[in-house]
């Protein structure tokens, strides 16, 4: 448990709480969008490079392949579970339920990064290929969600022609996928020696930059919560809290089946539990404009993200230890 | 004196002069607002963390408490002195005089940071709690100034209702206060070990980032001066040069009374001498919209800031040495 | 040749290719303008400082002077050659030909930076004064081009009065000139000791930041090419590929004549071969608004820049080795 | 001076490319997109610096053209706005170079 | 098409929230705020990138609504502009969905 | 309310200072410049985040003034637009403080 404490008292989380507190107190403080976009690009390049370099160290095993596959499957299936739960427990309509489901099938790279730090702090290793898993889990959920949203309703395919291409590019070539996968490839190709000269920037500064970014995330999460919570019924907020635990347990089962080491298991669980708030919303504004951002954004950014970053991650690490012993 | 020289020839100051020169030569060079806002956020987090970590090393002494108190008192009283001087020596009206006074009672965090570097260069220590003093000195001056501006004039309270809350948040929860106090708390809680992993970012890069920021400050100060000096009578410009010295001497007296070490004394003097150009202007646009930014901004940013950063700081350090021996 | 390979597989180039690929695949990924402007400011300050510090180590020799002179001459004359070639081989009119010529006489600082890295990777030294050469080569080409554009045509002088001053400032005091020359001066004055405390920021992070910037450059180059290539006839695109080689060979001749060391020769060739896409376009929008940006920007950014960064630089280093042995 | 119509479309950032295609197809000779900073509508406030998934950002599209083309594009625009939140308004302006629009 | 009024308010960034409250109270159904980059007035020039205390920044607020509400809000707006520097102008526009405004 | 003219100038960033001088000389009391994000014209699209030499950026200049001055400035503006790409349009607006313009 003192792992949990030390995680909660790490500067990263403290800065997140600072931001969240300031937002809830309605401070006008903001981080310019252009700046935080640049910072998040840095984070994705750094995490991608790290993963690629580590993957370059040892060949692709079938285990690795299985984890990648597991990630894709999770991203495809979690939305189904989420959708059913939402339809039965909340008053959300088909489209909004499908939209929310997409977010929980996809991932939050910042949550993932916070988890890697926590795993490190707890003294465990984690494989570089988990970054690849993260990248692979971003998009399948969107496809499931679009299917769920049209299901039954003889609605015209939402998008066609130029729209189609626009959407496909947004889904498969959005900034985070390109940066993650691209940096992963660069790290893989350049390897340890090739990336030595750029490590001071991408590794040395990583935790520090993360503090700055999580301060901003806290501001965003806090504002999202303050502005949006009225739109959410209790059942929906509840979903934002138990769904991560559900997804994590499924991932725990898979980790057990695959016999993943503690670190990898914790990260896979975190990925399953985390909800997207950048890639998926953007894609859904194109594909499901009828879905209300005030619902899915508030839920994933205002409820689930804070939960995962503070309580969730320690729990997942704890479970990962339990199952792997 | 060679301390002064070495300060003046440090890259930080040289870059400031570069920016100021470019602006006076009417170069079109600019640093994007979003970027420099991000950089200044970094600087405030870094300085806050530094202070917090140092404070975590040794318990709060009464001396520390007294310095904090001194800072607050200075911020409350300096505006009174400034107001009287302005009313007697310049043609500024009540409102503009009060507005200018607010700026000189408050502080410039960049000047403070430049001073800490100069103190370090001069081979002196400074206590982390001075950062707390800086944070505490930001706002009291605004309250004094609002009182001075209304005084006599049976004017309606400037703001009420929603306005009221907006102003209060702007005054007590503006970005710099949140970042400074917040980072201070984080540093205090996390301590030396907890912040070890983020030091490369927040400590290692500090001086370098400061160069970049001071280049931008130079551009701003130079442009402010070039565009605004016509609006200032000689007496007002004079005020921008002697007021810092006055405030510094008062702070020197207090330092002597409290028997502060050289470094702390120099920094307290710098805080007293420095004038705000971010927090206070923003607050005054809300509370005293009648006051002319072209006057108070030009004076604090175009006259006093350059003076402090170049000549002022070495003088304050010099005096601090004198009194403490 | 394995030097060429190792250059092509260095993270810097890989990230450039990533960006270019993403753009050609029409990914929507972008780096916010404000952020990349800030990053490029950092790069210019860093390269300027580096050069200045190295120049501070040893006195100005006549050889250094001669190289500076050579750079200026190249920047003045290359546009003449480029203009003639364009007029004879392409359908470009006088004004557009002159505009394009200006870009090839001037330089691309990013290409220069990439070359310094490649030279370092290849195990050669390069003199700090090459940075000064880069700064000096930025503007003369513009003057030649304006002369070429007016030549014959009894056209009114393009700009006068306030316009005149605006243009002169844009040409001689644009951001890159100020940052480069200014940082060079700072490095020179502060020297090795004075800049020690800012090295972690300006030197330690350099390669890493460069990766981030080249990712952005790749996106820009790719988009420029994708959107603009239709406007270019084959002959013009050809010019964008052989002109660098021509300019480089002229520079090679000069290097041979001056007996420059390999590193310096390679960099001088790179400067000659590189084409501007920031300073010159901005100046030409003021001085030659009739010239079509879609032509000169596509050519210098979409064709020549990628060529130089990938194939060109290794070639120039190879030639530099050849002539200096 | 010649009379033309000016469409002003306040629409989500994610949708402006679609609106652009509609205007293009309707024969409008050009448009300009301005970023919005904040806004209010339907009782909801938004602000650019507080939405990381900039998906709720609004932009303002300005397009000047002749009445016929403007009317032509408006129907399709209305359709687009059926899905995406946004506001469209049309005003009358005078231009110097009629051939341009 | 239906006729509505369009308020265009050029006002300091620090004051736009107040203007927004005024518009809201007057019953306007929405507004959009655009950042300005630079400007000139009273012989003073300002530019966003050269004022660190972004307190002299201007923004442009656009709000479309029916004449009655617009008139109602204008008085209060005028009061606000008494303190804060800024400019207000009203023009006539045509909209598609009258119920919206 | 008093009737005035509103010039809206869509022009390259690099040229707005020149346009500003023209407006100033023509006696316009002020103008405001808004950054554009993207645009389309002559079959070319541009977008701010994809042009490092921000030289093809457009800005939108708004200037409100009385008819006489507006007409006076328009000729020179037209001349400027002869060189620089851009679009100018004029509309009629109502203002509160006539003395201001």
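Going in written order, the chains are labelled A, B, C, D, E and F, and every chain counts its residues from 1.
Here is the rule we go by: contacts are C-beta pairs under 8 Å (C-beta built on N, C-alpha and C of every residue); 3 or more make two chains touch, one makes a residue touch a chain.
These figures come from a predicted structure and were not determined experimentally.
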Co-neighbours of subunit E and subunit D - touch as defined: F
Labels of chains that are neighbours to subunit E and to subunit F: D
Far-end chain from subunit C, centres as C-alpha averages: E
Remotest chain, subunit F as reference, centres from CA atoms: A
Inter-chain centre distance, subunit A versus subunit B - centres from mean C-alpha coordinates, in Å: 40
Distance from the mean Cα position of subunit D to that of subunit B, given in whole angstrom: 44
Where subunit B touches two or more other chains, by residue: 30-36, 38, 200, 204-205
Of all residues in subunit F, the ones touching two or more other chains: 34-35, 45, 91
Every chain pair meeting the contact rule: A-B, A-C, A-D, B-C, B-E, C-F, D-E, D-F, E-F
Contact footprint of subunit A on subunit B as seen in their complex: 32-35, 37-38, 41-42, 45, 49, 165, 169-170, 173-175, 178-179, 182-183, 185-186, 189-190, 194-195, 197-202, 204-205
Of subunit A, residues touching subunit D in the complex: 30-33, 36, 40, 162-163, 166, 216-217, 219-220, 223-224, 227, 277-282, 284-286, 289-290, 293-294, 297, 301
Partner subunit C, residues of subunit F touching it in the complex: 12, 14-15, 17-18, 21, 44-45, 47-56, 83-84
Complex contact set, residues of subunit E against subunit D: 1, 4, 6, 16, 20, 23-24, 29-35, 59, 62, 64, 91-97, 100
Residue numbers on subunit C that touch subunit A, as the complex places them: 9-11, 14-15, 18, 22, 25-36, 38-39, 200, 204-205, 207-209, 211-212, 215
